[in-house]
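The following blocks contain the structures, represented as structure tokens.
Common to both upcoming complexes is chain A, partnered first by chain B, then by chain C.
Up next, the complex of A and B:
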């Protein structure tokens, strides 16, 4: 496309100023093809301009101090072997299943895109249309979430996304929508952009599982309308040596509920960012993550960077982040509660905890509170520590073998994060999976 | 049942000798009490017997039914029939009390080559034991010791003892933090477990617990040694005169 070639040339030219990632950005834009028209065209063009001005991040950017963006900046991902896919997570639950392979919607493998009170399409099929309900959201919540901190990879995603799902919910659909990702090419570089809109009083549970690509960049834009309820549970496939960056941009209207939980079990390098704008009074927004990282098969680095913005009265927010780290694994948490002027009676809570199972691992936390209202309750805590020796002794003194006792204590450590999954079936499924994985690894190490 | 000979123990990280030659034998079917002032080494003795890290045995031996305790991991000692009721039972959020008890009971059965209990059989067993300790099903469902009062924690320790059926029970200051009613409930639980095949070692500061759990033998520990051994009347002597006189007498 002529216009992207021009952008690429501009990016290359501005490389004189030696912005980090400019050469990589030029190379990526060079191979980009924008759609001819359709409802995302304007947002993609706007993203191209914004990205041009912003550039890709470098290690001196304030929110990239603990995570090196080089692998995300690179023009192409390195090949990453595909872990065996034995995932049966949520398969016992009645759900609407959507399958993506290497970042493309697989209609044949998916359920029929229909249900009462819900409209579902995939982005690649829908975006040729000029008029679409998602036009007001695609790239718009992302753009709004660029203040006060730049999130260049989300802009890149708006510009380059090849597919995604568009879900508009008007009622209460009885079954969760489950996005299942598969990898088939070892070097797939995948950009997916999902847009979800819950109309007033609607309810949706969105599940995501699997491995997306050798490198993935996923944006989820969610608008939770008045009194609506949105539950999100994602579990990335264990042990897949993938590289991933994800963004959630949410706007939560009055009396609405937003809850998101993410499980990460090994992998290579992940960064999850979230910008949750609580825009209406009496709304609730919770975000939680449980992370288990073992660097024994290579590097493990996991970063959660979360912004919760309170812009209305009597709203509640919770951030619960727990990371279990072993064999030089690195965990990062950057979390902010921003209370705007007038957001009185805000109840904000944030906890981030690292459990280090050996001395080589590290957990880096940067909790921030920024409060411009005078009648609020905000608290935050962060701890980093080893397993509690007294608790370990207590369990062993009752006859529980050491390996099993460690599994129980790790699950105990993660319990608060798992509690954030409201649906018991989903929670039990994840808990069972975690326990199996921990037990299996404890067994492997016992043999070694 | 329990045989301790010339046990010398120091802290692993510090050059501090805590036990300086403890000799103690507790035969099956008997209840022995160890009393003594703070810092005399009573709790250390209970930890060393159950295998807690941080201590180094420099001399001596400890056997349970002829087996060398000091060579075993804590979980092996438990499977061999040793149980320590903690002075401060540990809270474990997110792990259900029932799950914990079943995991422990089945781990011990497995270690001894016995068949594991089914969920239904286990539930039946535990309900029966819980009833006598006035532990309701709500307490069984909650996370281990989380949100339990002092009395509930100690009752939960005795419940574990009842379910795991050890042959050697050590109670470390089980009376601390208990009011009279709670102490009676705990003592009743312990007394119900007394049997000719089972021995108890009750560690306590005060005589009052021994009003409820009547010991056969009372030992006084001071400065890392057993300095006096006698009948239940020794506990009364401590109660009336304090440790000062007694220790002065021993020299």
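Up next, the complex of A and C:
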């Protein structure tokens, strides 16, 4: 795997064809050091080939129409201050803690990696083995998710990931696995790759909180086996001025359930891509996000790009994306439901809503349907607008102060997305945090 | 629901689809039962066939095959255009050579050889403009008669005096008939002139009203707008021109009928409509072409300028030959249509019924520049057999308090692919604007596809944008209900589909609504069974 220098040279050489981002790619590969051997070797080599062929996205790339990839392309991230750690989410819940600092697993700070019905390892320490259950998944679900749209940063991640968790679940795990990220260096460029496999009938809840790095690139590959249930709740650290790109590649087998929810409160620039392949009959996949973006501390740009593939019969998918935007914040949603030929009785639903709290903020949406089967029910809705003045007036006429009324209306706007978290303890925890945060914010602004 | 393959019910009794000539022969072969009139039998037999698929054998004059500067100059010369117009075309042509064909649409068709087309074809008899009915080639008249344009209008079409005596109620629609590359004639010109309305072919307008053409041509769709519009700017041969002066409500509906007849010939028409302050005009467009094995190119541009308080209603029933059941032949339809609501309270309404063409690439758009201007888009797109349609609209809100509404109904059957592609853009300055979009798709059969690709860009907070889309199949309960009442399955589907399209059909002018309704039924013939 030491041929990255060759790769960098090739990328530089093909610059006469002047692909955007080629120079940046060459520069990044040039400084790369990769682990030798191990079970990920084949996948990493394959990723090197694929990345070479596709290059990094340019500003004219249709899939990057609303988000400028330049900052993700850059050879190095800019230094970003570390926000104070106020992440106390889920601490009341009994869980298995895994801690990553600047993209490296911190065994001392983590719980013992054991539990009934679950195997947990971190990628960096397991990778040396030639034989591993994750060999069939690492970089494989990612590669399968490259059609029909290229996702070069996911390929880059497969190629360069320094660590991650490998979780194989055989039973129903009541205790959630909680990954907490910490930043200690102001300019850490972090690449993490997680692989989760749920065997038939298994159940797992995966939680993610904290700040990963000044720039982060995360891939989560999930295989949800027959009848298995996977719950995912992620809430990255509020106000951290980081730059992040996240990917979920999921394959959902028959009668299985996949649910993912992400909360974002401020930050700088984030793009979350998800490719969910519903491959077995009677499966369910839901993905939701609640975003609060305030551009007053600098630029805020948040992009959710979702691709749901229905390849089997009688499946249900649901996408719920809500973004509250303020002070020139930009919210993007690109969502697609693809129903393959023969995926009859599909029920696909997608809603994307932008709430613009002031002039200057933007919500840009591209909700797509691509349908090749006739006996299906697919719909999408997208709305953008300001706070409902009538509702605000109603609350104020009942004696609710304006700041409090706005908090209530924003929370009710986000409610549909939060509903997607099945576990009430998790939902209440997030709701509480959100309310605190909004109230605090409103209070601050009241004083100013 | 089972998919019908070629040779099934769509051809009624296994006969090939032939159209008019066939009907006459068949009339003799079939015994007509008592109480059923001949007309009914013929109508029924015409169902399920592309009834405009015949061609007119007429001596044509072609420009040499291919495109180069000489061809552009030749077209300009044939139209007796002034120097500035020739230069304008050449400028477009030079630009076009640097451009590449857009590939982003969800359309799949073989590479078009732009050098293997005729860019100019006109009936030889049109060389000298006929002055009386006797001078017009009877075959040309017969063509329009067959297409259903009443005889009295044809007399006027041929420029005959004495058509004055035509009954008043039959004279509601003025027609500009375009045959391949030339305008054959325009009816009711004198009457329109009395109201101050100019309605003529664009080649005539370039000669007679250069000041208007120079001011507005290319001001909505610039020469360099896109690959197909630029090609059109270089080689457009004819089309219609409308100018409605301030405060005038155009006394009748205006209409253009486009007919492609010649083989291997591209049609490139250009329409320019100007509605001056406070005026109103309703404009209809119809199109047909003969059945041929080889696909034909059609790249049109329509520009509409709407000034203060004016209103334009533009309706299209596009029924170009869609290709046969195997997807052979048909028209490749690449059209740029755009309206510019340039001043306050201008209003434009696009209504389209797209049933024909093998390939449709068409996005009638509204630029809502004037404050409180309004744009509306109503569309039915039906794709059957191997047709592919990628169509929709753009609503670009630039002015304050602007409003737009989009209602799109897409129907796919057979092996067809039908895509709605649209943009709603709220500029930061377009405060207090509104958009409502509804696009519904209906799938008939499990081999077709229906897709929705909307772009929604909201850049101010006081505007409200709503978008809804659904995709479903023909409801089994509704079908069951109809069948229980004695309808056969095809009739039942046609009825349900007409109900699905109702909102759009209602937006069409009367004359078109009737035609469109039966077209919906015809286009879906053979898709169920």
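Simple rule for what comes next: the second predicted complex is superposed on the first by the 446 of 448 C-alpha atoms of A that agree within 3 Å, B and C clash if a C-alpha of one lies under 4 Å from a C-alpha of the other, contacts with A are read in each partner's own complex, and residues count from 1 in each chain.
In the analysis below, a residue touches a chain if its C-beta (ideal position, glycine included) is under 8 Å from a C-beta of that chain, and two chains touch if they have at least 3 such contacts.
Please read these numbers as outputs of a predicted model, since none were measured by experiment.
Participant: Please work out whether A:342 is in contact with chain B alone, chain C alone, both, or neither, and reply first, second, both or neither.
Facilitator: Touch status of A:342: second partner only.
Participant: Return first, second, both or neither, reflecting whether A:378 touches chain B, chain C, both chains, or no partner chain.
Facilitator: Second partner only, chain C.
Participant: Does chain B (first) or chain C (second) touch A:170, or do both, or does neither?
Facilitator: It touches nothing on chain B or chain C.
Participant: In the superposed model, does chain B or chain C contact more residues of chain A?
Facilitator: C
Participant: Applying the touch criterion given at the start, work out whether A:365 contacts chain B, chain C, both or neither, answering first, second, both or neither.
Facilitator: The second partner, chain C, only.
Participant: Common interface residues of chain A with chain B and chain C?
Facilitator: None.
Participant: Write out the stretch or stretches of chain C touching chain A in their complex.
Facilitator: For this pair, the touching residues of chain C are 1, 104, 106, 426, 428, 431, 441, 443-473.
Participant: In the complex formed with chain C, which residues of chain A make contact?
Facilitator: On the chain A side, the touching residues are 62, 341-342, 344, 354, 356-386.
Participant: Chain B touches which residues of chain A in the complex?
Facilitator: 388-391, 393-402, 404-405, 408-409, 411-416, 418-419
Participant: Residues of chain B touching chain A in their complex?
Facilitator: 50-53, 73-75, 77-79, 83-84, 86, 89-90, 92-95, 100, 103-105, 107-108, 111, 143, 160, 164
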